[in-house]
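In the two complexes below, chain A is the common chain; its partner is chain B in one and chain C in the other.
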Partner chain A sequence: MTTRLLIAGLLALVLAALFLLPYGVSYFYIFVATEILIMGLFAASFNLVFGYTGMLSFGHAAFFGMGSYTTAMLLLHLQVPLVWTLLAAMLTSMLLAAVIGFFCVRLNEVYFAMLTLAFGMMVFSVAHQWRSVTNGSDGITGFPLTEFGLGLDLQLANPLVYYYVVLVVVVLAAALLYLVTRSPFGLILKAISENPERVAFCGLNERRFRLIAFIVAGLFAGLAGGLFAPFNRVASPDMIHWSHSAEAVLMTILGGSAYFLGPFFGAMVFVLLETWITSYTDHWMLVLGIILALMVMFFRRGILGTVLDRVLRR
Partner chain B sequence: MQSFIAALLNSLDIALLLFVIAVGLNIIFGVLNVINFAHGALYMLGAYFAYTAMGLLGLSFWLALVVAPLLVAVVAVAIERLMLRTVYDRHITDSLLLTFALLLIIDESVRMIWGPSIQVVNPPALLAGTVSVFGVNYPLYGLFVIAVGLAMMLGLWLLFTRTRLGRIVRAAALDREMAQTLGINVPLVITGVFAFGAWIAAVGGVVAAPMRAIGPAMGEKIIIESFIVVVIGGLGSFPGTLLGALVLGGIHGFGGRFLPEINLVLPYIGMALVLLLKPQGLMGKGASA
Partner chain C sequence: MTEPLLSIRDLTKTFGGVHAVDGVSLDVRPRETVALIGPNGAGKTTFYNMISGRMTPTSGSIHYDGEEITGLPPHRISRLGISRSFQITNIFQELTVRQNVEVALTAFHGKALAMLRLASRDREIIDEAYALLERLGLEALADQRAGVLSYGDKRLLEIAIVLATRPRLVLLDEPTAGMTPEETRHVTQLIRRLADSGDYTFLVTEHDMSVVFGIADRILVMHRGQRLAEGTPEEIRNDPEVKRAYLGEEEEEAAS
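Up next is the complex of A and B:
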């Protein structure tokens, strides 16, 4: 019980630190922190499928990209307030996840991994080549960032304001996602990852549960993507490429897939490493691959995972 | 009629190259129970090794066809011994993660060493030019690719059904422990099979080089298509792999000519249809969740 209190206290401390962060660091690190929050949500949504349900997806960036494009296009063509574009991003990526997931959950994990990669690259090719709609490899840029909506008067173009918007949205979304993992539904997902046959024998349609998990994960990835486009000022096909899905995989493995906060912690380490390493070399992906391989071989529980294992004596 | 024959030959070209790549993927899966996400990257490595052997070292195409795949096989032995071996006794997810990491490493290494631009390899003088097939002028090299695919198919069939080595590999694929008990050196077989699969992929890469331009995206393109092939044909089935390759080759060869607007998503529609109607693939055996 005391360890639980300790963790709750630490969490409150982290939240307070995130809230006060702009008072202590330079402008540059406000950008970095914004990116960490968005990518953390992306990785956490991936982990609902990977860590909680036991399905390894290599195409999760498709939903992130769908959210990005939805937001960017609504801002560009219709100048909708941001909050509505975020809701639309969640809706479109949820629908995309429903279609792709419908095919991907039909077979075992080997097929799942192959199919998610293949369908993810289908979405990438469409974004890359359907120029009249997506503007090809240049992506969607030059969209105005005017109002947030809900009657709030926010200067979204100001990075500091946008940081707080992202902070509030990500914390709310993460809380919601956490509740999903602790709900009876979330426990069934956990059971599926441990023993799918047994879940099926209990009379549950495990394929349907896996599909719902995939859709929920797609929805939150879409929200992350929707937040990312106004931050990045562009929605481009790179966000859909499998190498972007790989980032979610690595962040989750870095932090630890067994704990809810693992992917967020992994995102922090990842983005800081990226910022630091890309100032030395353009070949960040090579470093990413090497770290992923080493983590899988020797440090599978992740950094935060290993620490929490010790503290909670698992 | 002429455009039909041209489309048919083109389809066969694509299909037999795809067969060569997808069959290696399938052989590795059969014995190691690992889907090698880096298989396309090894194919690409074969093409780039041949490019360097021919350009920098001045070897002939034929010598490059021998040397480059062997080098890739050596790389594969290192990969299997140093990396894959550490995760065999774990959940299958870990080996998928590891080959995915390899995909990142090899892809980016290729970009680093050879740069992001596209390179061209010329076909050997013997195979340059075109020939007339049923009144259609077709590149001679395209026919050579078809011949290599057919030879590979025949060779693999003979290897796995007619030789002692083939029987040993099949025994190790069926039941590792039993094979080990019968005195087969299973770890060696596993290393050998992974290297052999990589060798096949690299042969495909070298053969593909003069037909298609070499670029850092060639690996990811072929691996996605190989996945579509094994999903359509069914994982673990040789005839299925051939059938899947022919279907996808046909989609590209005929779709590209007659339905260019939706050619991009046609393979995925084909794959989705198979998943709906026959989820195990057209010739697959059990793989249900």
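Up next is the complex of A and C:
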């Protein structure tokens, strides 16, 4: 009970800090914080598939990209209020996840990973090659950011305002995703990640559950992507590239996949390190590689995971 | 004579020309406890694997409650009311003892797709899980991680998972394997108590003859994939062929 209070207290503190952040840091770090929140949601959605269900996907950026393009194109062609573009982003990426997942969940482990990678590459080439629709490697740019919708009068083009929009949306989405992990459905996913066969002998079609987890994860990745396009002012093929999928994997491993907030923490470490290290040296990938190697060799439960393990004495 | 609950005809499974199970037929009537015995490699586990959907038979048929279930996937067979345990402990080591049972209960009550409410607030499931753990004497361990349980308690937990889906037909694959004499007695009594409740029909494989003779209404003896004998414990005890093929081998094993 005391650990629960401690965690609730810490969480309240983190949230308060996030809401007060713009009063304490420069404009630059508001950008950084926005990116961390969006990437944190992306990594957390990936972790529903990876940490909770036990499937390593290398194609998760496809859904992030789908969300980005949906938002960007709706804003460009139809000037739809942002909130509706976000809902549309969730819908389109969910549908894409249903199609890709339908094939992928038939396979296990390394074959699952390879098939998600293959589908990710296909989605990337569509975005890259289908110029008349996606504008090729330049991506979708120049879309106006007019209104948020729901009768709210928000100056979305102001980075400070957009930070708060992202903060509220990500916190709500994270709360929802957390609820999913703690629901009866979430319990079944954990059971599947550990022993799919036993779940089948309890009367559940485990493949169907893995597909649903994949679709739910795709939906949240699409929301993250939908938030990212207006922030980045472009929806481009790099967001779908497999290296972007790998970022979700890296962030999750950095933070720790066993705790819900691990991927968010990992996203923070990743984005901050990238920001700081690239300002000193071009060897960001080398440093990242070293950190990752150390993590995998010595701190397999991730930074936040290792710390929380100590605190909770697991 | 009542209709059999499980009716198996000429069940055969071959692996690359080897007949693991070779034309075995068996009827199990409701509320009966049938023991399946035979030396290692007799085909008992393969037989179970076909009934529970883990393997598709090469030929033959399985009917359950008048419905053909040959070759159905495990989750469909489980849904029909057949639940099995495994020879090698097959539980969720990383989940708590209570969660292990809750997984099966969630599946049984059709709540596995509920995403937008907390599992920890579901009184129906939690209370039922506790009741089941109490029945097996595991309630004190409810919040322990299943992986840290003693071997005997893990085997009991496995039985709890099996019972959680409220099966009519329970297949137990060597439930007392590797247990201490004390634990074996406990499990034997448990099975007898469950059988006497009249809620279950049991098919049990077992090496320990004292367990077999203590619980079985009828015994099927398998040898090299085939049916060697079938009868009451008394008949099996006095069957000369069984003595030669099986009980004799045990003595050899004991001697070596």
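Here is the rule we use: the second predicted complex is superposed on the first by the 300 of 314 C-alpha atoms of A that agree within 3 Å, B and C clash if a C-alpha of one lies under 4 Å from a C-alpha of the other, contacts with A are read in each partner's own complex, and residues count from 1 in each chain.
Here, a residue touches a chain if its C-beta (ideal position, glycine included) is under 8 Å from a C-beta of that chain, and two chains touch if they have at least 3 such contacts.
Quick caveat, the model's predicted, so the values are computed rather than measured.
J.: In the superposed model built on chain A, check whether chain B and chain C fit or clash.
T.: fit
J.: Which partner does A:S137 reach: the first (chain B), the second (chain C), both, or neither?
T.: neither
J.: Per the contact definition in the header, classify A:S183: touching chain B only (first), chain C only (second), both, or neither.
T.: second
J.: Check the residue A:L56 against both partner chains and state whether it touches chain B (first), chain C (second), both, or neither.
T.: first
J.: Have a look at where A:C202 lands relative to chain B and chain C in the superposition and call it first, second, both or neither.
T.: In the superposition, A:C202 touches chain C alone.
J.: Identify the partner contact of A:L292: answer first if only chain B is touched, second if only chain C is, both if each is, neither if none is.
T.: first
J.: With both complexes placed on chain A, how many Å separate the closest C-alpha atoms of chain B and chain C?
T.: 12
J.: Share the list of chain A residues that count as touching for chain B in one structure and for chain C in the other.
T.: Touching chain B and chain C on chain A: residues 206.
J.: Under the definition above, what is the set of chain C residues touching chain A in their complex?
T.: 52, 54, 73-75, 78-79, 83-84, 90-95, 99, 102-104, 106-108, 111-120, 122, 125, 161, 164-165
J.: Can you list the chain A residues touching chain C in their complex?
T.: 176, 179-180, 182-188, 190-191, 194-195, 197-206, 209, 212, 216
J.: Inside the complex, what are the residues of chain B that reach chain A?
T.: Residues of chain B touching chain A: 29, 35, 37, 83, 86-87, 90, 92-94, 96-98, 100-105, 107-109, 111-112, 220, 224, 227-228, 230-231, 235, 264-265, 268, 271-272, 275-276, 279-280, 287-289.
J.: Given the complex with chain B, which residues does chain A contribute to the contact?
T.: Residue positions touching the partner: 54, 56, 58, 103, 105-111, 113-115, 117-119, 121-122, 125-126, 129, 196, 206-207, 210, 242-243, 246, 249, 253, 283, 285-286, 288-290, 292-293, 296-297, 300.
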